[in-house]
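Report on the following structure.
Chain nomenclature is as follows: A, B, C and D, assigned in order of appearance, with residue numbering initiated at 1 for each chain independently.
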Amino acid sequence: MPLSPEQQAEIDALRAEPMPTLRATVPGIEAHLYKAVPLLDHGFVRVIDYMGDDSAICQAARVSYGKGTKSVQNDEGLIRYLMRHWHSTPFEMCELKLHVKLPVFVARQWIRHRTANVNEYSARYSILDREFYIPEPDALAAQSAINNQGRGEALQGEEAARVLEWLKTDAMRSYDHYAEMISQDGQQGLARELARMNLPANIYTQWYWKVDLHNLFHFLRLRADSHAQYEIRVYADEICKLVADWVPFAYKAFEDYRLGAVTMSAQMVDCLRRMLAGEEVTEENCEMSKREFREFKAMLG
Amino acid sequence: MPLSPEQQAEIDALRAEPMPTLRATVPGIEAHLYKAVPLLDHGFVRVIDYMGDDSAICQAARVSYGKGTKSVQNDEGLIRYLMRHWHSTPFEMCELKLHVKLPVFVARQWIRHRTANVNEYSARYSILDREFYIPEPDALAAQSAINNQGRGEALQGEEAARVLEWLKTDAMRSYDHYAEMISQDGQQGLARELARMNLPANIYTQWYWKVDLHNLFHFLRLRADSHAQYEIRVYADEICKLVADWVPFAYKAFEDYRLGAVTMSAQMVDCLRRMLAGEEVTEENCEMSKREFREFKAMLG
Amino acid sequence: MPLSPEQQAEIDALRAEPMPTLRATVPGIEAHLYKAVPLLDHGFVRVIDYMGDDSAICQAARVSYGKGTKSVQNDEGLIRYLMRHWHSTPFEMCELKLHVKLPVFVARQWIRHRTANVNEYSARYSILDREFYIPEPDALAAQSAINNQGRGEALQGEEAARVLEWLKTDAMRSYDHYAEMISQDGQQGLARELARMNLPANIYTQWYWKVDLHNLFHFLRLRADSHAQYEIRVYADEICKLVADWVPFAYKAFEDYRLGAVTMSAQMVDCLRRMLAGEEVTEENCEMSKREFREFKAMLG
Amino acid sequence: MPLSPEQQAEIDALRAEPMPTLRATVPGIEAHLYKAVPLLDHGFVRVIDYMGDDSAICQAARVSYGKGTKSVQNDEGLIRYLMRHWHSTPFEMCELKLHVKLPVFVARQWIRHRTANVNEYSARYSILDREFYIPEPDALAAQSAINNQGRGEALQGEEAARVLEWLKTDAMRSYDHYAEMISQDGQQGLARELARMNLPANIYTQWYWKVDLHNLFHFLRLRADSHAQYEIRVYADEICKLVADWVPFAYKAFEDYRLGAVTMSAQMVDCLRRMLAGEEVTEENCEMSKREFREFKAMLG
């Protein structure tokens, strides 16, 4: 359970006082506000704030004085049109702010998405908690035999046990030394900004992360994808659910035109047309590399 | 008066239905929501939405579970510290969305601030209104005699009258031709995306503009400055007031450490120390250019 | 002809002095350096500088000490892999700097691509030239009957003549008044920053524009597209040719996986699978909107 | 010594073949190209490529057809003017590409500067080397007694020895286990993307980092500052030297108007004027906080 009683009390206090507002308001996401959704062994994601709703996307697209379009159906149709034709700026008019607790090696992938605002807990200034990500047995995967950047089956038996033991004991020992190094009890105490260097990448950090909906969708397309590392995908998958409760039309359009869509190269389109005309297309006559042809076949199920 | 009765009715409708929310809420800015503040002859600025408050800046700086700091005084102290020491990321945690109506030549300056989200009214798709910026007599300024990029006194007498007459009649004639060119009454009708090219840069456009507080302060520092062109400065000055009602601690810190602050070069600091030590510093012994020395003297009042 | 003899002499001078460098160098783009390629009636695009080559993309992808991969074939294969799998950061390691002269209404579309560096000729500081875009007869298109944001046939006969006459005379009159307003001959002279507001959007401006290859490809995908306005498309098409001479492998991959590619929605992929299984898919049983089904049929040729 | 013979041979090969180019070329930075400048115990910075020179800043500011201004003196004057008046876009017209090897905890600070292009060595795909940052004795600093985010004196005696021993042995043990976990010798072998989580933050990583001169100056102002952590400052200080050899006028202006400059708040300017008028300004009558007054006194030397 990732929250202390004090933290839970602070969250409860924030949820206790609804205020009247004239802003676009979405009950579906209000229900999530401030609550921590647990992820991995010590992580979470919390919605801290949001700006805009489905209607706000239409309102900006039309630069209107009032709400988006005349009707909810029109809003949905316009949003789907905008998504399909890559009109991205109206989606930038919605904004989401999250509080995320996550292992450092996940944070290092996440931060590559540059078009977002970030405030991370400072290990120069503060002391990190003794919390490390230790994978569940079925997430303790072997290196993929066919893909340098992928995972295979879960480790088995003694090997799995040995790996888990190392991950745990190395983390604990590193933290013990971290704590002893910064201690000022009878000694000078190493600077925090130096002592943190002894901590492994599975220690948890946390940050406030704020992003507009267009850039969030870009993040989700890459990170809620089967090629993304499992440990970041659990965060992306959870955020997908939150977004679906916040801007349901935009999220559905995202599912249809991005998440569930495929992009076919010029060569693939050419092959497809030949196939629909009755021709048999093979690896030999397709003018694609072996790998591309395999990807093409996979697209066609 | 820039709003039609239909537009005003849409705004009134948006202001008529407060909703409960758990988000950070600021009565001072709620009072402005959706209302159009008139600027120049046909322009306006309207607050459409906001995210965050002074406390949200502290909450992000501390990556906290509840509100910012324990007390309002602590919030103000922390905000001033962050501003003074250029810790900009916590200010990025607040976001403002505006609807702005402004002349095209002002829009062209404004858009250079790239770190913002924009949806502009499309003259490819829609028909522009017959509204042009015609300066008030005291804003009809002569070219500065000393600064290539500045203004001098207001034009006088016949010259002023002649200029105003040209601005008005050229605008009207251009718009007449624009309207006749796109008309499909008894003719094909020129494409809107082409016809717009006949319209001068004082025609009004409008956009939704969304920006975080850090980048908004950067915009305001440059555009609420005496060197900025008057016609953009009136927008910046008005936005300053809105921001002061939204995040009063942050705005006060911005006034003290940015708007009202001066930056002194290494040479200026050196001269200053010499002056405080009783030495007389002159243009000859200051090791600055003539122009810099003039700027230095101005800083010292 | 867009260049004065003095401008041509400056360009010739820049091309007269090759210097030795150890940087990645591409003869194909060196041949274009500084030369103005004429576009529209008074516009041009000039390559001012470039950084990197195809090999530099691989070098960055591999974070290598020497060149990219061991062989040219490997470079091409890696580049195609990176493009296909949306690994965009290695393409950001190449940079192009252009000098572009273009009508203001084109510049206003162009500037929406925010991830680029821009220095525009200042009409606050300097005086604009008397140069306006007047379309060729076959570019004088009517509004599309089926697409609010598109063009139809060219205007014919008297209507075409009338439009051209207005565009020309309105431009000339506006410029005459501009020139007279800023004149300081026997009068105060209106400030340049104000006088420019009388000039229509077909006047030419110019800027230095610098962008990395990833963001340039994004610009080209949207602007070298049949849905882009013709007047910006001629610039994008020309830049495509320059890029093909600069980074031929990357450009070919861009053609295959972006320009010539199609993105199919989840529904389209589903229909496609049904079609390949022999089922007849119609507008009635496809679970797409009318418009989407039309787009789908177009993809399949 | 951070380079293997193979790496050195690759660098030598890149330096062996000068090519003719028509681009702006700077001998001062050509001399550095590809060479690794050692930093900390295993790190380095290498210049991989550059675009532009001092003259290119002026060329863009003036949107000129040829070089920048007529003379070298004019170039310097214009550059100093642009820097002093915060005209930042011309500086964006120069670009620098570096290859940097640095400890992960330094990389985590560095990456917060978002307006840059980055390709980092992938520990999902590749195996990290056994190289860790172990501070020199005089860099093994105690926590500051007065500043939560700072360092005090170097640790002494047994405490220093104990800390060094822990840093070394924890790093070695973590790496041993990392190597054993990914080994496929008689076992499945843990996925690389998981095994890396056992490695502490003082392990070295490397990346290609490309940035424009304006954003580089912003980075240097914050990181070549006495408040920056020592381990990132050594990189910033070294990059300062490289930039001085590349764009000497711009670098001098940066030193005078940014690095060596001070920003005084409205209150400080007020106090200064009172002091220059002969008044004695004290902590009691200055209307600043204790801390600000201390900062003010420090500015005045």
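Everything below uses one rule, namely that a residue touches a chain if its C-beta (ideal position, glycine included) is under 8 Å from a C-beta of that chain, and two chains touch if they have at least 3 such contacts.
Note that the structure is a prediction, hence the values are computed from the model and not measured.
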A-C or C-D - the one linked by more C-beta pairs in contact: C-D
Centre-of-Cα separation between chain C and chain A, whole angstrom: 33
Inter-chain centre distance, chain B versus chain C - centres from mean C-alpha coordinates, in Å: 29
Centroid distance [mean C-alpha coordinates] between chain D and chain C, Å: 34
Set of chain C residues in contact with two or more other chains: 89, 112, 118
Contact graph of the chains (line, ring, star, complete, other): complete
Interfacial residue positions of chain C with respect to chain D in the complex: 3, 6-7, 10-11, 13-15, 17-25, 30, 33-34, 48-52, 56, 59-61, 63-67, 89-90, 92-93, 95, 97, 99, 117-121, 206-208, 210, 212
For the chain C and chain B complex, residues of the former touching the latter: 103-105, 108, 111-112, 114-115, 118, 122, 124-125, 133, 135, 140-144, 148-153, 155-156, 159, 163, 166-167, 170-171, 173-174, 177, 180-182, 184, 187-194, 196-202, 229
Chain D-facing residues of chain B, complex: 77, 80-81, 84-86, 89, 112, 222, 227, 255-257, 259-269, 272-273, 275-276, 289, 291-292, 295, 299-301
